[in-house]
Amino acid sequence: MMAPVSVISASGVSMVFGNNRALDSLSLEVPSGVTGLVGANGSGKTTLMSIVLGLRAPTTGSVSVLGLDPLRQGAELRANVGYGPERNVFPDDMPASDFVKHLAEVRGMPRSEARTRASDALWLVGLGEERFRALGTMSTGQRQRVKLAQAIAADPSLVLLDEPTDGLDPVQRDEMLILIRQISTDYSIDVMLSSHLLEEVERICDNVVALDAGRLVAQGRLDELVGDVEGVTVELAEIPDVPGSIDAVAARLRAAGLDVQHDPGFTRMDVLGASADDIADAVRDAIADSGARTRRIEQRRRKLEDLFHAAKS
Amino acid sequence: MTAEGNAQILDRGYRKFDGQRSGVWGAVRSTAWHSTRSVLGLGRKARHKIAPVLVIVVALIPAIVYVGVAALVGGDEFINDILEGVIPDFSALPRGSLAAIALFTGLVAPEALVRDRRDGMLSLYLSTPLTRITYMAAKLLSVGGLMAMVVLVPTLFYLFGMTFAGLGPEGFGDWASVLVKILVSGTLASLVYALVSMAAASVTDRRAFASLSVILVMLGVLTVVQILVEGAELSINWRLLDPVNMPMEMIARIFGDAGEYPALATERIYLANAGWVTASSTMLWWRYRKAGA
Amino acid sequence: MNGSVSSTRVIAITYRVLIRQLVSRGRLVALSLIGGVVALVGWAVGRAAHNEPWLTPEDVEQIRLNDAVTAVTNLGFTILVPIVALVFAAASLGDTREDGTLVYLWLRPMRRWAIVVGAWLAAITVSLPLTVIPMVASAYLLDAGTDLIIGTAIASVVGVIAYSALFVLLGLLVKNSIVWGLGYIVIWEGVVAAFGSAAAKVAMRGYTSSIVSERTGVEIDIGTLAQTTAIMVPIIVAGFALWLAAARLNNLEVA
Amino acid sequence: MVSVTNVTKAFGDVVAVSDVSFTVGPGITALLGPNGAGKSTLFRMLCGLASPTRGEVRVLGRNARTDTEVRGRIGLAPQQDALFDRLSAVEFVTIAAEMHGMAEPRAAALGVLDIVQLSADDPKPVGSFSKGMRQRVKLATALVNDPDVLILDEPLTGLDPVQRRRMIQLFNELGAAGKCLLVSSHVLDEVARLGSKVLVIAQGRLAAAGDYHALRDLMDDRPHRIRVNVEDPRRFAAALIERGLVDGVSLGNDLEIDTSNVDAFGRGVAPVAKELGIRLSGVAPIDDDLESVFRYLVERR
C-alpha cells in the first residue's frame, strides 16, 4: 500500500451545533510528523479530533485520514489510530497495566501480544516500575503518561492527543513533550496533539494547525510559519543605584523609532523593527546609556501568538 | 573484526506489530470480559467483591440445599420417591432465587454501564474499533452472562447434583432434553433481565440513581401489579407487565410446565418478554444515540 | 459585614441555594411519575366492585378499607415516601460534598446547624408535594373513608420529615449515600421491619404504619403504636439526626 | 496576617505537608511548586477546611476552622471547578455576598463581576460555563466580601493571555491596597509577573522563601555560563578578559563565557560592546531562566 501523502486531509469541513459554528469551512492537509493543533479553549480542537476519529459527522465537507473515510471506514481506521482524550478520569481502581492491556486488545492486539505490548508501552513512557499501581493512586503527571501509553500500545500509525500536557507543571510538561517527540521520531508514528499553550507547540512540532473560534488561522510547517526574525527579547535587571533604568531603556528604544512591547515595572521587553542589525545596535546603546544590567538578549522569533493577533485584528 | 561487529541492539522493548489484528470480535470479547471482571470486582479491592459474590451465593442456596438433602438422605428408593414429591421441578427452581435475581439486576447493569459513562471509558471505547452498537453488544454479553450466573447456573448445578443423587431425569434422551431446555430457557431469561435492567440503568449518569431506577422498575412494577391484580381485582393479564415474573414464567413454559400463573396463555407470556426486549432495546438505543461523543 | 450572619438568614440562603440545586426536571418528572402510579393504583383498587352475593355491605366496607390500607402502606410507605425523601435529602448536602461545592457553604461566617436546617427544609419542601399529593390522592381514590385520607396525610408528612433528616445525615456520613440509603430502605425497612411489631419499632415504617392503623382501626402487624408515640418518636429522631449532622459538618474535612 | 507554624498534614501514611512554617503579611505572595507538592492542602488548612495533623495555622490571628467570624474575612478561590451549576453567574455571586451578610449583596456582586469582566445579564447557568468563565466566577466570589486575606488556588489556569494580564494587574492593585494575597501557581511566567514574595514548596516541604528577585540573585551567585553572540567574538572576548568581567572564555561556533560575577558581567557587557563598536545580538545565560531556578529548587532534594 502506498503511504498517503497527507495523514489527515480535510476540505470544507464545517460543524454546526444549533446556531453555534464550532468549525467553519476548514480545509487542511496535515503531513507526517508531529502536528500541533493550537487554539484557545473552545476554538474547535476537540470537535476536529472527534471528526478525524469518525465519532461525529461534519455538517458539511469531507475528511480523509490515513487514506480512509472516518465515517464509512471508522472501525478500520480506529484500529490504526491511538487516542488520548482530554478527560483525566479513568477507572480509579484499575492497575495501569490492565487498563493499557485492555485498550490494546480492544484496538486489535491478540491477547498474548496485548500483555507484552502494554508492559513495553508503560516502560517506554517511564512507568515501568509503577505499572501495577491503580490509576486512582497516580499523580496527574503519571496519568497523562498512562494516557499516552494506551494510545501507542496497539502500534498505531497515527496518535491523537487532546491536551496531553494539561495540568502538568513545567518539569512534567517538558518530560511529556520530549517523550511525545521521541515516540514519533523513533517509531515513525504520526502525532497530532492539541494544546492551548503556544510555547509547547513551538517547542516540539513539525507542523501547526492553528484554530480560532472554529476558523483556520494558519497551517503549515512550523519553521515556515514562525521563521521570520524581526526583533529581540531583552531581559534586564535594575541596579539599585540607577533606579528606573529599565523604563529608560524602553523609552530610548521607542525614541529610536522601534516598536517596544513593555509593561512598566516588568523586566522583560520585546523590541520589534525592520532590520535585525539596527535593532541590535539600538538595544546595545540603550542599555549602555541607561545603566541597566543585561540578563538576556535573544533573537525573538515570530511567535505563533502573532499569528493569532494578526488573524484577530 | 571491528568492535561494532560484536555488538547488537537486540530489543528495545516497544516495537512494531506485524501480526493479524483481531478485529471487532476481539474488541467485543475483551470489553465484555473486562466489564464482567469489573462487576465481579476481580482485580479490584476485596470490598468490591463482597456484594456480587454474596448475591451469587444466595442465588445458589436453594439448589445447594436441595442437592445437599438429596445427597444426604437419598439413595433408598422409598425415600427417593418421597423426595421426588417434595423437590421442585427444574423449571421452578430459579423462582427460589427470585429475590437474589432482582437484587443482582440492581447491582450488575448500573456497574456495567454507568461507570463507563462517568469515568470516560465510553468515549475512549468509541475511539477504538468499537461502535455504539458493538459496544452495547459487548455489554449485553457481559450483563447477560452475569445474570446467567444467578438464573441459569443454579439450575445446572441442580441438574448435575440430582443426577448424581440418582434423582435426575431418566434415560440419556430425557436428560439431554432437560439440559437443552435449561440452557435455552436460562439464556433467554438472563438476556431479558439483562436488557431490562440495562435500559433502566441507562436513564442516568449516576450509579446510585441507576440502581434506584433498576430497583424501581423491577420491584416497583412487581408491587404495583401485585396490588392491581389482588387488591383492585383487575384482570390477570396485568401480570404480563411484571418484568420479574415474566422471564420466570417463560422458563416454565419452555419446559412445558404451568408455572405460577397458569391462567396466562403461553403465547402471551412469550409476547410479554418480547415486548420488554423491544422496549428496552429502543430505550438503550435512544439513550446512547449521542452518548460519549 | 463583621461578625457572623444571623441564623435565620443562613437558613433562608442555604434553603434557596439548595432548592435550586435539587430541583431538576429529570428528578421531578421521574418522581412525579412514580407518584402518579401510586395515585392510579389507589384509583384502581378503589373502584374494585366486590359484588360477590355472599358479602354484606359491612363486609364490603371492611374489605375496601383493608385493601386500601394494604395498598397505601405497601406502595406508599415502603417505596414512595422513603425513596423520594432519599433522593432529595441525601443529595442536599451530600452532593455538595461530593462535587466540591460544599466549600461555598462552609467557608462563610455561617453557623453550621443553620446550614443543616436549611438543607433539611429544602429537601422537605421538594419532597412533600411529591409524596403527600399522590398519597392523599391515592387515599381519596381508594374511597375508604376520611380516616384513611387524614391518616395517610399525617403519616406521609411525618415520614418525609423523619426520613429527610436521617438522609441529610447519611449524605454527610458516607460517600455513596443513595446506595446505602437504598440498602437501608430495602433491607432494613423492608425485611427487618417485617419480623413483627418489636422489630418494627426500630424502623420508620413501623411508625408511619401505626399512624394509619390507629386512624383507620385496621390492624397491621408492624403498626401497633399509639398515635402520639407514632408521631412524636419520628420527630425526636429527626431532631437528633439533624443535631448529629451539624456536628458532622463541623468536623468534616472539606475538599 | 497569615501564620503557619510547624504544620504537618498526613493522610494515612502519606505526608502531604511536612513541618512547614512561614508568615505572610500584606501584598502578594506566590506559592510555587510542582503538582502534588502540597499547595492545595496548605490552602485548605489556612481556610480551616482541613485541620493540620500537627502545628498551628492562624489567619488574622484566629483559627478559621473554629472561628465563625474570621471566615467572613477570607476570600478563597478553590482549585476545583465545581459551582452551584444551576445558578447564573450573578445569582451565584450575589448569594455568596448574602452569605457574608453584606448589606447590598446584588450591588457587591455586580461590582466584582464587572472587575472580572463577566456579564451580569447573562442568564445562562454557570454549569454551562467554560473553564475560563468558571475561573472568573470563582475569582468574583472570592472578592465579593472585600476580604482581608485572599487565597487563590491556581487562579490563572484556563484564562486567555489577555485575561491573565488583567487579573495579574488586579492582584497587584489589591496587594498594593494592603490586602494579603496568597496565589498558587505552577506557571512560572505568571509568578514572575506577580512579583515579589515567593514561597516554593516541594514534596510537602518549604524549599525556599523570600523576595523573588532576591531568590534570583541568590541564583546569580552561582558560577554561570553565558552564550554571547557578537560580530567579532575574538576581539570582544579579549576585551572582556582584559576588564576582568569573565573568568574564562571558549570560542566555538559562538562565544561562551564563564563568570562567577553575573552582576558585573551584566553591567559591563553592553557598554563594552558599544565602546568597541561591536554589534551585540545575543546574551543567553545557559540554564538561568526562571524554569531553571525552579528546577534547581525543586530537584535538588
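For reference, chains read A, B, C and D in written order, and residue numbers begin at 1 within each chain.
By definition in this document, contacts are C-beta pairs under 8 Å (C-beta built on N, C-alpha and C of every residue); 3 or more make two chains touch, one makes a residue touch a chain.
For clarity, every value in this text was computed on a predicted model and none was experimentally measured.
Chemist: If you average all the Cα positions, which chain's own average lands nearest?
Modeler: Per-chain C-alpha centroids ranked by distance to the global centroid put A first.
Chemist: Which chain pair shares more contacting C-beta pairs: B-C, or A-B?
Modeler: A-B
Chemist: Indicate the whole-number Å distance between the mean C-alpha point of subunit B and the mean C-alpha point of subunit C.
Modeler: The computed centroid separation for subunit B versus subunit C comes out at 33 Å.
Chemist: Please report how many Å separate the Cα centroid of subunit A from that of subunit B, as a whole number.
Modeler: Comparing mean C-alpha positions, subunit B is 46 Å from subunit A.
Chemist: Could you grab the centroid distance between subunit B and subunit D? Build each centroid from C-alpha atoms only and quote it in angstrom.
Modeler: 56
Chemist: Quick one: subunit A and subunit D, Cα centre-to-centre, how many Å?
Modeler: Centre-to-centre distance between subunit A and subunit D: 24 Å.
Chemist: Viewed as a graph of touching chains, is the assembly arranged as a line, ring, star, complete set, or other?
Modeler: ring
Chemist: Tell me, which pairs of chains are in touch?
Modeler: By the stated definition, chains touch in these pairs: A-B, A-D, B-C, C-D.
Chemist: In the complex, go through subunit A and note every residue touching subunit B.
Modeler: Checking each residue of subunit A against subunit B gives 50, 53, 55-56, 74-76, 78-79, 81, 83, 85, 87, 89-95, 98, 102-103, 105-111, 113, 117, 120-121, 123-124, 150, 152, 154-155, 187.
Chemist: What does subunit B use to touch subunit C in their complex?
Modeler: These residues of subunit B touch subunit C: 103, 106, 203-204, 206-209, 211-213, 215-216, 219-220, 223-224, 227-228, 231-234.
Chemist: Can you list the residues on subunit A that touch subunit D in the complex?
Modeler: For this pair, the touching residues of subunit A are 40-42, 139-141, 167-172, 232, 237, 239, 266, 276-277, 280-281, 283-285, 287-288, 291, 293-299, 305.
Chemist: Residues of subunit D touching subunit A in their complex?
Modeler: Interface residues on subunit D, with respect to subunit A: 33-36, 130-132, 158, 160-161, 186-188, 193, 213, 263, 266-267, 269-271, 273-275, 279-285, 288-289, 291, 294-295, 298-299.
Chemist: Which residues of subunit C touch subunit B once you look at their complex with the stated criterion?
Modeler: On the subunit C side, the touching residues are 26, 30, 34, 37, 41, 44-50, 67, 70-71, 74-75, 79, 83, 87, 176-179, 182, 186.
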